[in-house]
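Input: one structure, supplied below.
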Amino acid sequence: MKKLINNVEDVVAESLEGFLMANRRTHQQVAGVNGLVVNDINKKKVSVITGGGSGHEPVFIGLTGEGMADGAALGSVFASPDPHTILEVIKGANTDEGVLCLVINYAGDTMNFGVASELAELEGINVATALVTDDVASAPKGQEEERRGIAGLLLVTKVTGAAAQEGYTLTETKQVAEKANENIRSLSVALTPCSLPGSKANFTIEEDAYEFGMGIHGEPGIQKKKLQAADKIVEEMVTVIADDLELQEADEVVVLVNGTGATSLLELNIVHRQVGKLMENKGVVIYDSIIGSHCTSLEMAGVSISMLRLDAELKRLYNAPAYTPYFYKRGEQT
Amino acid sequence: MKQLNIQETQNMLLFMAERLMASKELLCEIDGKVGDGDHGFGIERGFKAVKAMLEENTYATINELFKASGMTMLHSMGGASGVIFSQLFLGAAAIPEEEKLTSEILAQVMRKGLEKIKATGKAQLGDKTMIDALEPAVLELEQESSGSLEEATGKAMLAAENGVEKTKEYPAKFGRAKFVYERSIGVQDAGATTVFLMFEAMHTYISQQNE
Amino acid sequence: MKKLINNVEDVVAESLEGFLMANRRTHQQVAGVNGLVVNDINKKKVSVITGGGSGHEPVFIGLTGEGMADGAALGSVFASPDPHTILEVIKGANTDEGVLCLVINYAGDTMNFGVASELAELEGINVATALVTDDVASAPKGQEEERRGIAGLLLVTKVTGAAAQEGYTLTETKQVAEKANENIRSLSVALTPCSLPGSKANFTIEEDAYEFGMGIHGEPGIQKKKLQAADKIVEEMVTVIADDLELQEADEVVVLVNGTGATSLLELNIVHRQVGKLMENKGVVIYDSIIGSHCTSLEMAGVSISMLRLDAELKRLYNAPAYTPYFYKRGEQT
Amino acid sequence: MKQLNIQETQNMLLFMAERLMASKELLCEIDGKVGDGDHGFGIERGFKAVKAMLEENTYATINELFKASGMTMLHSMGGASGVIFSQLFLGAAAIPEEEKLTSEILAQVMRKGLEKIKATGKAQLGDKTMIDALEPAVLELEQESSGSLEEATGKAMLAAENGVEKTKEYPAKFGRAKFVYERSIGVQDAGATTVFLMFEAMHTYISQQNE
């Protein structure tokens, strides 16, 4: 796969540079590493940071901004950032109230954030971590903590960022992230693979097949299936999600229909249409929907569906204003 | 050859770095079968940083040399293997200071590294990770610890190679590939392959010194 | 190319339905056609509408919202909407002050909007049209009015929507659209072709080549070139744009780095980095930059670069608040 | 056969609609070479709508029949060809009311249609558009206007086919393909191909009636 890049090794640093040139009014680099923080860190509130491998843009840079995350540590494509990078971002975002790390549950990410947190604590920083484990495909019910994190990170960051903004303590902020994580499920499918800059595609997906249960790193899914009409694929996905989340009539959810790269919005809207129909049949209320390519796997064609079940607290936090370069919420929804 | 001095050990690590950097594509391809295809890039990043560091510095002890290499990998690689592989070298922090590398010292460093890796990553033998190559290699080093480095690394290399073969039989329970549990059977583990290549590089370097 | 669709013929209608299910608080369908308008049309200001073929999402739906366009008429994939569809959108958006149609300059679009405008006038509606002709590759200097319109439509809609919001008359709104169009230039390149739903790709682009001077419909570009590093490609593009726009030192511009579908934001940021460097070398001031996939050609991998030169009026209008489902501007930039 | 009554003419248009709908892929492929590859989809949309309309309605005059077909195309196709091809039928609005289709009436409808198309689209013969097939076909119809419909449509069909061939020689100056001016040489025009297929359908229908 051809790409608009210069040198493979410089991809992340150059991309960050290009991003910051466009967003200098709101964002700044953390010196010496591939990381960034928002300008004017508010020392009186908990900072929320996130991070992980690159190649998922707008995640993670696009999660940073008012009412969302305060910083992000960026690894190489599909590789967690190293502990030094994470530590510097923690330091750059640190406040009197401490730093909460929102981490998607992949071995590389948890290990590197783990080492970085230890180092941060040695420097006297008050740091905590909340894991995102929204992908129902990646481990059976009962082993939720084994599951990997995918696009649901956007919604977890939304409510967690809002909680920090409202003045929640570090412990409370972590608790709300965990609560959001307990109430969110996602599932992802892919129609085409992707290729790392400088590599060929890892594997092929036949013209009449798709991969069910993808992570966000272009790994094969848990199962290969025969391609069907969008409505059928979506029905399978939604059934798994709704069952696992044990959705009940009158439950309220936020839906995220997320493109994984090469999926056109034309298609994402068609996916959302079917999600809406299925939820209506179940009597589940879609409080709000986000449709777009927020958490991608380079140029992979595919879609993930996430559902976050709301309670009063999560709804209030979801509704709070948020402004990042790739996501906004005006906070006036009624 | 029964021992290497610090400079020779440093040269061995440099040689290993070159060899592993050159294996980038192979390792990406293997990782791509059931993982995310980036293992080669991570290994290249780590060993490139190690190489640059070793070319710039000298060390007073074997421990310092290994520790510096491990810290460099830890802070340059990222990914699961950044933490895992750096700990292999950081094992040197847990043994008494040494100015020579013998089979026994090497066995001790690697044993401590293996322990750290197991403590961090929670994987065991048979879980289709780099441990499947590392653990049998360490056992060989320990058995050959009174023998020559050439013999010890040679046996460790063969044990690692054998371990790589075995990873094909297991489903993955750790790392990226665990999510394709069944589909991972028949595919060899990328990190285990790296372990084999590391021992192969050590053995080749030491054999060349003997000529 | 596999796609997440049901029936080829239903793609646009189903996609619109899915979009509206997610945006019912702000948008509504125009009955009976593939068109939409914002809720609560303000009868005391000029309405701005736009439209064209589908497959360019978020354009055109994503251009509608507060401070931007008030409605959009949607055609089939890569085909202008028919006059009936356009007419209904004009009627749905009509106000006491009239309707301005922002149309990208393709034969199909101008002809269909032309017929629709005649029909609207017969019904007593005050309607005017402004064409967007930003693509420098499509006709030589001196024949600007022959040029086709591409991603620059986003920026033209931004300032035109703001003008209507400020209370400009229909004639004034049209004039400001024309002024924006005179001050904007774009150029697009593609690394891969795209395929219409239900078709194979129209043509191939070799692994070592890219197409220079693309429209937005997946047609071949004006020239095939040998693939180079991103910085080189961008330099060629920016040179053509800057020369044609006759950019001078101290000019202020808004930059749009637009992905055409499968291009990752990782790449778009790398493109923007080089645009920024080249502008700095020229002493041109980038007042603001927008980086994202706003005007796409289905799953085509490629990028377009647009530059809008600002004067005091255009800057004020650019800075006005705007909120669409896929673009926002808080209007507080200093 | 010298004339068709209204019902027969309607059947001829139905037959044409079927034929053109079946040419979708061919027309998309031709349009895809230098255009955007959607011409077949537009033609399918237009003729599908025409077919549905013709199956539901009856008409008092040839003019009504053609006008209804043209309006249906205009409001269902979209794209450049929606306006262009609908005007070919809307030419019937500019001639006196008729209840029979003769070679002469057909020639008149098409002549008026051609004029409207030229006025709207500004293209001329040699600009690599559907006009390159349509104009020579209309000339043949006019020359054969006192002859049988079979002969007239047969000659028009051949003239259109010849016109399609000629489009390969020209660079495009109108429509999507104009932007690839030089690269369009050697490629036939999609809309011209449609014109040929329309005349071929008419001729085939009329010939079958004669059998």
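Couple of notes before you dig in:
So that you can tell them apart, the chains are marked A, B, C and D in the order they are listed, and the count of residues begins at 1 in each.
Keep this in mind: a contact is a pair of C-beta atoms (placed from the backbone, for glycine too) under 8 Å apart; a residue touches a chain by one contact, two chains touch by 3 or more.
Note that the structure is a prediction, hence the values are computed from the model and not measured.
In terms of the distance between Cα centroids, subunit C is separated most widely from B. Separating the centre of subunit A from that of subunit D, both taken as means of CA atoms, is a distance of 53 Å. Centre to centre, using the average C-alpha position, subunit A and subunit B are separated by 33 Å. Separating the CA-averaged centres of subunit B and subunit D is a span of 73 Å.
Counting partner chains per residue, subunit A has residues 77 touching two or more of them.
Shown for subunit D are the residues in touch with two or more other chains, of which there are none. Taken as a contact graph, with one node per protein chain and an edge wherever two chains touch, the assembly forms an open path, each chain linked only to its neighbours along a line. Those residues of subunit B whose C-beta lies close enough to touch subunit A in the complex are 25, 28, 32-38, 41-42, 45, 74-84, 120-121, 174-177, 179-181, 183.
Put simply, subunit C touches subunit A in their complex at residues 1-7, 11-12, 14-19, 21-22, 25, 54-55, 57-58, 62, 77, 191-192, 207, 210, 227, 229-231, 233, 255, 261-274, 276, 286, 288-293, 296, 298-299, 301, 303, 323, 325-326, 328, 330, 333.
Interface of subunit A with subunit B (complex): residues 8-9, 53, 75-85, 106-108, 111-112, 115, 137-138, 148, 195-196, 198-199, 202-203, 213, 215, 217-222.
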